[in-house]
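Chains here go by letter, A, B, C, D and E, matching the order in which they are written, and residues are numbered from 1 within each.
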Amino acid sequence: MVRTILIAIGIPLLAYGFGVSFMMFKRKIAARIQRRYGPTFIQPLIDTFKLLSKQENISHGIMYDLGPILALAASMTVIFFIPIPGMKLMTGSADLIALLYIMVIGSLVMALGAGESANPNSTIGIARALTLMLGYDLPFVIVVITLVMKYHTTDLYKIMQMQTGGHWAMWLLPLSAIVGFIVTYGALGEHPFDVAVAPHEIATGPMAEYGGKHLGLLMINHAFHIYIELALFVDLFMGGASNLFYFYAKMFVIFVIYVFFDEVLPRFRVDDAVRFYWRWPTILALLGLIIVLVR
Amino acid sequence: MIRKITYGIFLGIIVLSLILFFAAFPFGKNKMAVGKYYLKNDINQTGAANVVTAVTLDYRGFDTLGEVTVLFAAATGVAILFYVLEEDKKKRERQVYPNFVVRVGSRIIFPFILLFGSYIFIHGHLTPGGGFQGGSIIASGFLLLYLAYPGERVNRSKLSVVEGIAGITFAGLGLWGLFTQGNSFLFNFLPKGQLNMIFSAGILPIIYIAIGFKVASEFAGIVDDMMCEAVCSGGEK
Amino acid sequence: MDMSLGVLLATPFVGGILAYLGGKIHRWVRYTFAILFSLLAFIEIFFFYNTTVGNYVWGRLFGSVLVLQINPISWIFAFIVTGISFLVILFSINDVEGHKGLDFYYLELLFVEGAMLGITLAGDLITFFMFWELMSWTSYFLIIQGGKKSITAGYKYIIMSVIGAYSMFVAIAMVFGRAHSLVFKNVSMLLSQSSPAFVIWFFVLFGIGLFVKAAVMPLHTWLPDAHSEAPSPVSPLLSGVLIKMGAYGLTVLFYGFLSVQLIGKLAPTILPTPLLLYIVEWLAAISIVLATFLAILQEDAKRLLAYSSISQIGYVVLGIAMGSSLGIAGGLFHALNHAIFKSLLFFVIGGVIYRTGTRNMSELGGLIKKMPVSFIGALFGIVALSGVPPLNGFVSKWMIYEALLQKKEVFLLIMAFVGSTGAFLYLYRFIHSVFLGQLPEKYKDVKEVPFLMQLPIWILSALTIVFGIWPGLAMNVIAQGEKFLGITPIKYTLYGFPQGTAMSSLKVINISSVLIIAFIVVLALYLMLPKERFVSQYDTYAAGQVVTPETKYNYSYGFYMFFGRVINPIFKWSADKMYEAWARATKVFGDYMRRVYTGNLETYSSYIVVLITIVAFVLLIGGKLW
Amino acid sequence: MIYYIGAFLLIAIGLYAIIIKKNLIKILIGLDLIASGTNLLIVSIGYVKGGTAPIFSKGNILAKMMVDPVPQALTLTAIVIGASELALAAAFVVILYRHYGTLDIKKIRSLKW
Amino acid sequence: MVNIANPILLIAIPLLFAFLIAVLAPWLKKGVKYIPVIAFGLNLLVVFELIPDVLDNGIVIATTAGIKPPFAINVAVDRLSLFLVLIATLLGFLVSIYNLVYIKEEPAEKFHILFTLLVTGITWMIVTGDLFNMFVAFEVTSISAFGLVGFHRDKDAAEAGFKYLVMGSIGASLLLIGVVMLYAATGTLNMADIAEKIMRFTFKQKLLPYAFIFTGLGIEGALFPLNAWLPDAHPAAPSSVSSILSGIMTTAAIYGIIRVTVTIFNYYQVILFLILFGLLTLMFGETAAFFQKDIKRMLAYSTIGQTGLFFYAFSLGSINGMQGAFLQMMNHSLAKATLFLVVGGIIFSVGSRNIDDFAGIGRKMKLSAFLFAIAAFSLMGLPPFFGFWSKLKIIFATLERVNVYTIAFVVIVLFMSLIEAAYFFRVMQVMFFKEAKEEKEVREAPAWMLIPAITLVVIILVLSFYPTPVINFAHKAAADLVGRSVYINSVLGGL
């Protein structure tokens, strides 16, 4: 019982720790790529605390307030259903399919909150984000189905377990893994898929109106978000990990590759992004699926 | 032209097939089935010397009622079609004067025509003749009068009263037979009398007289309507 | 007990007539009767909970008996019918007041309810067809009360319905020609003994009738027009209930008259599902995707919801046609859920139309502050519809996905998934354009809808939660129904599904409780932080410009235009255009046909002569007619 | 037999007149021809070779020697019916002329389709 | 006491009264219009007296001139005839009530005469047991109809009447030729007698007289290539006459064809061939109706279509098919008569026959519009109205044997029903839901014009919800008809 409570408290903290560390690394690595020195390592943490402690907070209405709150709550919920080495709590209650839907809650309420701010920039951002989601969802679903077909279960924990001992899905299903990588990349919203935020066009999109403690909550949420996407990728394709260190290491490797791409690529137009997703990744994913089905 | 030839051929085919059909029932051959019965039983059953009359008025009297009705309907129809309001009629009155010979001659002949017609329908059950023939002859007398005096008019409503009463007589006789005597429509309930006498054949002469009046008045009515159309309303619209 | 079915069926009809007559006295008498009798029907339904009552004979015709029955499957649908109808009548009272055709409105409404109830209670095909037709044309009269455009929409609706009904009619007549009895049991017996060709004919012809009502593509074209142009309270009835009759019919057709084994025998196939069902599944999947895409591009709120209905009924049909226990249960459950949340959404938009008079989404906006209850209703509706936990849409969609995975029908699954993701797009568009964004100045004084119109919204919102967290409640009946149909009933718990039912277990209560705890934690954190202050909607970031009421600073027209650019090539062809082309061709043909009446006497006479000539000619060449 | 053929020809000519002729009066004549042809046909059907009229005008006439009385009765009826029809048709022609000012059937076709 | 259950009275009484009108007209200018009502009221009594007799014995026969049937004309009412006689008398009675107010134009008394004769002729045609007598009745009917079509004496009436007259006369002549051919062949004119005697003839020999009679009756019965007069004549006539013409006259002619085909010729080789006529009539009628702007013309074309439908059902040749045909006949008679009566009332008030001018009628003439809707529903065959049961029966009868042909037939029938539904719904949309362009004073039709339509609609509704007796009765009628021996034996051997 005590252990359960401990784990219940521990999982979010761990996730936040992981996520925020990636945010820190990102700024550092990006700076190095651009031959800058970069801000202090803990700059994201500082920003978060600064925002949370702001005295001047504006609000556009109840839904505006509820948006970040619910988004954060939803992200925290998701974390409980993603297996972490040694901390299995809720993974039996929701499988991969359910998880995909639980992951949407956060984005949806966030969008509702941003919607009430009555700023067209936010709305455009959301419209773009949703469209992009429709774009990468198609290949992603195919990849997920490929995995389910391969392992004959939708239980994430079981999928992870079956990959132990180096039988990573990444090696067995390289095509799907590549697609999964691209999709996770889009889900993270980094270049070239940062159409939803696009600071130069629509003033950071959904976040345009948010400031103060709301933005602080959103930054926490962002950390969770990075963690969720990476953990999911690691669980699905890299066999999870036997302990937390390996887990972190795997996530870190993936993340660094992301950052490299992020820094060198320009931005897609949103319909081009959708077209991109519906072309090559989809074809590759279908190929992977067919290979699994035929075998 | 092609049309004409085509339809000519078509009609030829029809005629040919009709001929082929009737080849099985050649002309002059005795084809009677019910006819024999009529010829045999006519005298006992109806007492009319003229079998055709017996058939027309007794055996197939119901047909004749229909025939009378058709004529009645046609006369009414013509009256409807030529109907003009009274005031319009007067306005359009136009006098035509035929020559003297016609006027005087028709005056002389008219009673004889009436007499002749009456003779024919009264003796309908004895001689070749009957109500239709007699009635038509009487109507032709009216036609003659119209030729002579285009301006004069028969009293149309009285004509229609006559035709109505005649029709009622026919139908009423039939119903009388049905209700009182034989439980059969047009039952010949009067005594048959002696063959070839004027008072024979039960109700047949009465019916023929009624028909005579009816046909006469109806044809006269039709003639009157048409005369009116030609004379009173001449050249309208 | 038998008689009680007759009483149940008679209730709405009697209510309708009484409401009409009572309306002559005072309008409130009419309302009282309408509400009373629809409520009565709803209560009566519960006496039949989980029971199977068979064969109440209510008439005889052409040597066949007319029979009423109820079983758990029809109970589900009867429950939907009476429940939603009751709410619709509640909602109507304020909404249609002062409406022109008011005299007959409640009569028609209750007759539609009665007809649909009759469909669910029918125990033989004549009764079924009779009520089916009755439903078609009574609902037609409801639809065309929606204004000018609704007449065209209603025309389209009735024509397509009649086509469907006639197709079904032929199927019924085919059976009658062989069996001379149309009681369901005899029909299934006959079909099990007939040749495959006959059964396939029956399947296809009967199915077309059902597909038209269920609006499965490509027979859906009546639905967007009819649902969007109908009066506000009628749309929930149409979308929530009427198209479910198609789903009910399909269930009866697939598993009542036929069975999976029997359909499998008709056309040998290597597919996981019998070929005929597989085709139905594909049609449903195509409906899901295309209707979703179309819904994304709509500007009219009700039209958007109408397309959404096509897509959601696609899930229902997909589930039902799957042939596995889980799939059928999912389909039936989704039918129930869709009735709940789609009616809810239509009620909400009905309320908005009632207050603002427009359903053009780009003219609306910001109503959340004016109509909070409606907003909550809309929120529950869209969350439930998009299949996001913890509301009810999630469970049924999950069941359908799992069933598809079990049967390895992956391509269908992909399409179903894409449709579901697409739903996020149009649902967000719906709620944003109506309730979020900027409030136009002209709606400054809009008020919340009256209490009677709020009531359905509250009730249905509550139901989305109830069935979302305790799906076992619905599974009770559905499992009974599956047992009735001769299918192994699924295993279920009150909160979800144990291991072995699907590819994995599910406990909905865990998801929702974690969500609630997390929400409380974050809310606590939020409340600890400094307080916020509310600002007006014009106090927004506008690149330094000042936003005033006059400047329209809102994004709502052509919301997904960029997405439209991606998918436009798909919509070059549409079923609608095809039907119109057919109709035009028929019309031109008919126009030529009637030229035989030339007005020319010679021609007419020549017809006679030609006719006789033909006979004569036949005779001359030997009298052989053929 | 010649009577039959004559009757058929009358009927055929009547039909031909109705189909081909444009003048209303000629159409009426056509109608009358059909009626006359039919009547001729009926009467000739009733003929029995060597028969007398079916009237018992003198006592010594045998029923066996008579022609069939039925067709004669039918003819009587048919003639009257034909005459009534013709009268009505003539009336219609007059009315038509009043409205259209023409007797050409080709021009009288305002009702069609 | 006199037995008034005598079918001859059905003809004699109205004839007597028709003549009476002519007599009384000069003195009772206003009063004569009540005479047809009395006449058909009495007729109705007679029919009601007949019903139990016919139900008990299957057939009631009356002779004329007190001589046995093959030698004198007889009148026979069996179940099928009773079916139609009842409708004809009922319609005659109701429509004559309608005429009380409707006929204002002079010469009214002549109209009433012809109207009485028309209905009498129709009844006559149905009850007679003699072929030549049928021709005479046919002539009574058509000559009165010619006169009535021309009653308005305007351009349309004259043209329609003349065309009708020419075609009708040709038809009558053909019928007569056919009858005469049969006489030449058998030497008798009684239907039962002919039926007995014609059995020895071959198919080929029977074909030509059959073709002539069929064509003759088919012209009046509105079968496809022969029906061109109908869409002109029905609209041109006064509405009350149209309702009789459409409601029962074509049906009576079709009855004649049925009698001739089944009872006399027993012609099953041809009967299947007749399906073609039925379907073509149906198709041409319904498609042409779809394009009409004039409501009465539309209804007239719809009559053609309906005639095709029940003729098609009859020509299926099975008992079930004929049962369906009889039900549809009844449905069509009642519904179409109602439609014409109601439409007459509407035209009476609106002053136009164009459908577009009917906008907003649904609110101003509520009752009329309601009656129109019910009758149209029944005609279309929407459940639960009577037409639904009859259409159901027809389709069921068609699909007794499932093969490519029957499926094709059913598709055609249903497609045409669809077209019918389409144009009726269009009219109803205009009536109920379209706003009138200009506000006109439109009042409800007078009560005396509504009462007949209301009565008919009540009958339709009663039949809709309680169709079983009629359905059973139609079944027996069809069985009797197909059995033939009932009719022939009772006519020849009875009394």
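Keep in mind that, in the parts below, a residue touches a chain if its C-beta (ideal position, glycine included) is under 8 Å from a C-beta of that chain, and two chains touch if they have at least 3 such contacts.
For clarity, every value in this text was computed on a predicted model and none was experimentally measured.
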- Contacting chain B as well as chain D are chains C, E
- Note down the smallest number of touching-chain steps it takes to go from chain D to chain E. 1
- From the centre of chain E, which chain's CA centre is farthest? A
- Task: Pick out whichever of the two, C-E or A-C, is joined by more C-beta pairs in contact.
- Result: A-C
- Taking CA centroids for every chain, report which one is farthest away from chain B. A
- Message: So the centre of each chain is just the mean of its C-alpha atoms; given that, what is the distance between chain A and chain B in Å?
- Response: 107
- Averaged over CA atoms, how far is the centre of chain C from the centre of chain D? Could you give it in whole Å? 68
- Inter-centroid spacing, chain E versus chain A (mean Cα positions, whole Å): 79
- Using mean CA coordinates as chain centres, what's the chain B-chain E distance in Å? 30
- Multi-chain contact residues (two or more partners), chain D: 11, 15, 18-20, 27, 45, 68, 70, 74, 77, 81, 84-85, 88, 91-92, 95, 98-99, 108-111, 113
- Item | Junction residues of chain A, two or more chains touched | none
- Specify, in ascending order, the residues of chain E that touch 2 or more different other chains. 132, 136, 139, 143, 146-147, 150, 153, 162-163, 166, 170, 183-184, 187, 189, 208, 231-232, 288, 291
- Task: Go ahead and list every pair of chains that touch.
- Result: A-C, B-C, B-D, B-E, C-D, C-E, D-E
- For chain B, which residues count as touching chain C in their complex? 7, 10-11, 13-14, 16-18, 20
- List of chain B residues in touch with chain E within their complex: 17-18, 21-22, 24-25, 31-35, 37-38, 45, 58-63, 65-67, 69-70, 72-74, 76-81, 83, 85, 157-158, 160-161, 163-168, 171-172, 174-175, 177-179, 182-188
- Item | chain B partner contacts - residues on chain D that touch it in the complex | 1-5, 8-9, 11-12, 15-16, 19-20, 44-49, 53-57, 63-64, 66, 68-70, 72-74, 76-77, 79-81, 83-85, 87-88, 90-92, 94-95, 98-99
- Query: Where on chain B does chain D make contact in their complex?
  - Reply: 3-4, 7-8, 11-12, 14-15, 18-19, 22, 25-32, 34-35, 38-40, 42-43, 49-52, 54-56, 60, 63-64, 66-67, 70-71, 73-75, 77-78, 81-82, 126-128, 130, 132, 195-196, 215, 222, 225-226, 229, 236-237
- Touching chain B in the complex: which residues of chain C? 606, 609-610, 612-613, 615-617, 619-620
